[in-house]
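Below you'll find a set of structures to go through.
Look for subunit A in each of the two complexes below; its partner is subunit B in the first and subunit C in the second.
Presenting the complex of A and B:
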């Protein structure tokens, strides 16, 4: 068996595996394009006879998705901004020093990373009610998400800072830079890629966040897409083509971002979670 | 004042400031709720006392009532089934895929990364898609199983109490397997090649090499991954909300969904807090193990 033949064979098998694994995604798009009757055909058709492209603008209008997507974007951007500003500094300090205090801080951060949102929401809801933060529901969700996802961001970005040689910063200090100056003009630019990738990961997570938004936001005008999708799926729904169209519109920007930045996201993820 | 400023710009104050503000933020928004949760689980909380700090103290009454509820033990059982089946499924599927992609061929790393879309998608969307795939009469999953002669009658995944939990488990395995695969691939690629070459020279077969080299070398990766799986699986909420909502008749209810259901559907915040406390203790124990198995990283 020659080398090229082996490579081709493996590639074909790999493509097949990927096709099987990603079939649910294909099914989402294909169902959205089907007519009401074709959707319930037995045996199911694997390619739409008469693709209904107009369903996307129709559902977008019908469900007011512009507002839902806007709210998702506001919540995700707010959380990422808060997390990036606060988390980067913490990650830097935790990467730069090695002593007992840093170990304690890291341990705390890792422990906070694991608290499930659906278990933390009860005390958060009651505390936000007591302090009046709940009057600003989207801010409340941003704060809750920031607290939930910041530890993950710190762990990822810390791995980036570890790979920035400390000698460069020391050289800048010798040259007369202040700590702030060296951090701002030497360390941050060198770690920019890692920070950006981690921020994108956090953004994608926050864009799909559900528990906090569902529990803290009552007004439908302020709810994000995840809550809108959940409300759309009644217990005995038969509007599956419309639901899948909603899901497609919601998820396509995330998928496009991921496919474009795949290599960087994967390497950023693996450096933080294990090594 | 000057000294304070110069310390902030050029000294210890700079570090303290960078670490102190986020830490304070996390303590206020994660630490305080965590402690308040424990306090609340010992109080009587209803819609009227929700807005006041001072509430009647009831001791461990909430826990006693919670455990006395007929659904308590079944739900704990479902949680355990969900955990074990999800982690095992995610891990085995992920490991199999990782081993396949480990045979290097052009395009392997790009295709491997593509699998991760299942993990970056919003949980609600994953749930919605699987809800439709697993539909009883018109679901394509039943159709495929039927064509493969695995089932003869349609399985009503979401509405049959015997299968409702499994419908969420299947979706969760799909969601998490790719993440497992990526991390396992990293572990596999860090095993030095010469170990295998030496073993091959000694006449060890593929299976022997797997048992005596691959698995032992992957021990810390696998340990970290299993505890990460435990943590992620206990956080899984969106799939329950999107596929079964814990039903029918609690047959697919698990602790983390029940806690939310008690608080936000039945407005029984005290019992919601009590179950949260129980589960958070479990998660904390798992994460201690995770932190320990990645300690070489923590120590730098």
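Presenting the complex of A and C:
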């Protein structure tokens, strides 16, 4: 088997796997555009005969998607802001100090990530009810998401900090700066890429978060898009095209952002590893 | 000469590990001091303690008469050149040079002027707007030096600054650093594991081993009168030959190289019958025809660099001889070894101290 043939074969396999993986996404877009009868036709059509573009503004209006998307954005931004501020500090300390307590801390941080949201939600719900945080449902969700996603952020950003040589900080100290000053002017700018990439990943995660939002937010006008989408579903659901239109409006901005930033995200994630 | 830097009774523990043991050292204003020793001897720890990057666990350090033991690095007013140069990768050369000035609140105009002046003296004028990654090793080294001299600090600290350069550039930078020191009239402390750097650059060499100062003094004093076997072996290249010997009557000692006892005259008195170590530097031995030297030995092998020839003898212990010029001896030849009585160093066999 020659080298080029093998490469082509691997490429074909990769394309096939990608096609299988991305098929649901494709199905979402074309189902949204199909008419009611085309949707249920057998055999199914793989391209809509008469694309119903008007479904997007229609569903957006009907379901008040502006509200849902706004809530998703508020929750995601709030979580990212909280995680970035607290997580960056924690990651720096865990990267720079080595002793038994730091190891314990790191272990606990990693343990947090193991616990699934569906398990955590009951104690969180009880705690938030008792403390009254549940009266501010979006804040409650932000806190819950921050607790859930912080470990992931800390682990990624810690690796970034560890790739910044200690000597640079020491040079800044000898040059007359304080530890805090050295952190802001030397370490943070050098770790910026890693922090940004981790924050973007957290944002995407939080934008699609469902379990906490569903459980903690009762009021429809405070719910994010993920819960709004779920509200469509029922035992007798048959308006698939509207659900798919909702889903398309919901995920397309995230997909677009990811495609635009993917080069930076990949390089940001590997920069620490390769240097 | 007034004292610029003083270590008194400095100790440093890392947990149970005792890295610096009761260091007393005073460094005169304007002098160039080299801290030299094998890796792990504590020389870098001593330098980092002086900079404030390590907290000492006992004793005091003072700079220019002020006790700085508990002060953070930024209040000590010293500049340091790191082995890796530690240039800030996200800043241009100019920003690197002026970082300390910016931290100290110097105005932008003044900073630019200072950077231009320093760059002119160190040949960096054309590189001010480059980033460190766009520079060669030698240029980075220059930026690191310039970043130190722009501030006019109380002392310059160098932590093996030349070890990442190639051999030719290293020899060149040695001279340049020393010239810079003389021009600025600065006080410099220079850490190196390379005794040649220490010997050629410093006014005062401090030899450390296992957290202890083994000997300090002018470079040639260390070479001529090493205080113990360790310093004798560390200073000078190739290393001094050591021969175990037994003291005999009349200031003599007998050595045994595997072919029966040989009598040598030693320059000092020692108890008869005690065991000593005879040290002779390779460059102080000359080759003669067999029978014309102090004793004869067969040649094991020779290495020639063109200007000098290194000859090893097939004796136990092996002897190294450095001959200038191209004396042609072949492996297995019997040669005579000659040396002056004054070239013989004698160390106590047990304590390894100079007698």
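Assume the second predicted complex is superposed on the first by the 248 of 275 C-alpha atoms of A that agree within 3 Å, B and C clash if a C-alpha of one lies under 4 Å from a C-alpha of the other, contacts with A are read in each partner's own complex, and residues count from 1 in each chain.
The rule is short, and it goes like this: a contact is a pair of C-beta atoms (placed from the backbone, for glycine too) under 8 Å apart; a residue touches a chain by one contact, two chains touch by 3 or more.
Note that the structure is predicted; figures quoted are calculated from it, not measured.
By the document's definition of touching, of the two partners only subunit C reaches A:189; subunit B does not. In the superposed model, A:50 makes contact with neither subunit B nor subunit C. Of the two partner chains, neither subunit B nor subunit C is touched by A:219.
In the superposed model, A:178 lies in contact with both subunit B and subunit C. Once the two complexes are laid over each other on the shared chain, residue contacts for A:165 go to subunit C alone; subunit B is not touched.
Comparing subunit B with subunit C, more residues of subunit A are touched by B. Residues 178 of subunit A touch subunit B in one complex and subunit C in the other. Per the touch definition, subunit B reaches subunit A in the complex via residues 9-11, 14-15, 17-19, 21-23, 25-26, 29-34, 36-37, 40, 45, 50-53, 97, 100-101, 103, 105-111, 113-118, 120-126, 128-133, 135, 137-138, 140, 143, 174, 178, 182-183, 186-187, 221, 224, 228, 231, 234-235, 237-238, 241-242, 245, 256-257, 259-260, 263-264, 269, 272-273, 275-276, 279-280, 283-284, 286-287, 290-291, 294, 297-300. Those residues of subunit A whose C-beta lies close enough to touch subunit C in the complex are 165, 167-168, 170-178, 181, 185-186, 189-190. Taken in their complex, subunit C has these residues touching subunit A: 51-53, 72-74, 78-80, 82, 84, 86, 88-90, 99-100, 103-104, 147, 151, 157. Those residues of subunit A that touch subunit B in the complex are listed here as 6-7, 10-11, 13-15, 17-18, 21-22, 24-25, 27-28, 31, 39-40, 42-44, 86-87, 89-90, 92-94, 96-98, 103, 105-127, 129-130, 143-144, 146-148, 150-151, 154, 162, 178-180, 183, 201, 204, 207-211, 214-215, 225-226, 229-230, 233, 235, 240, 243-244, 247, 250-251, 254-255, 258-259, 262-263, 265-266, 269-270, 273-275.
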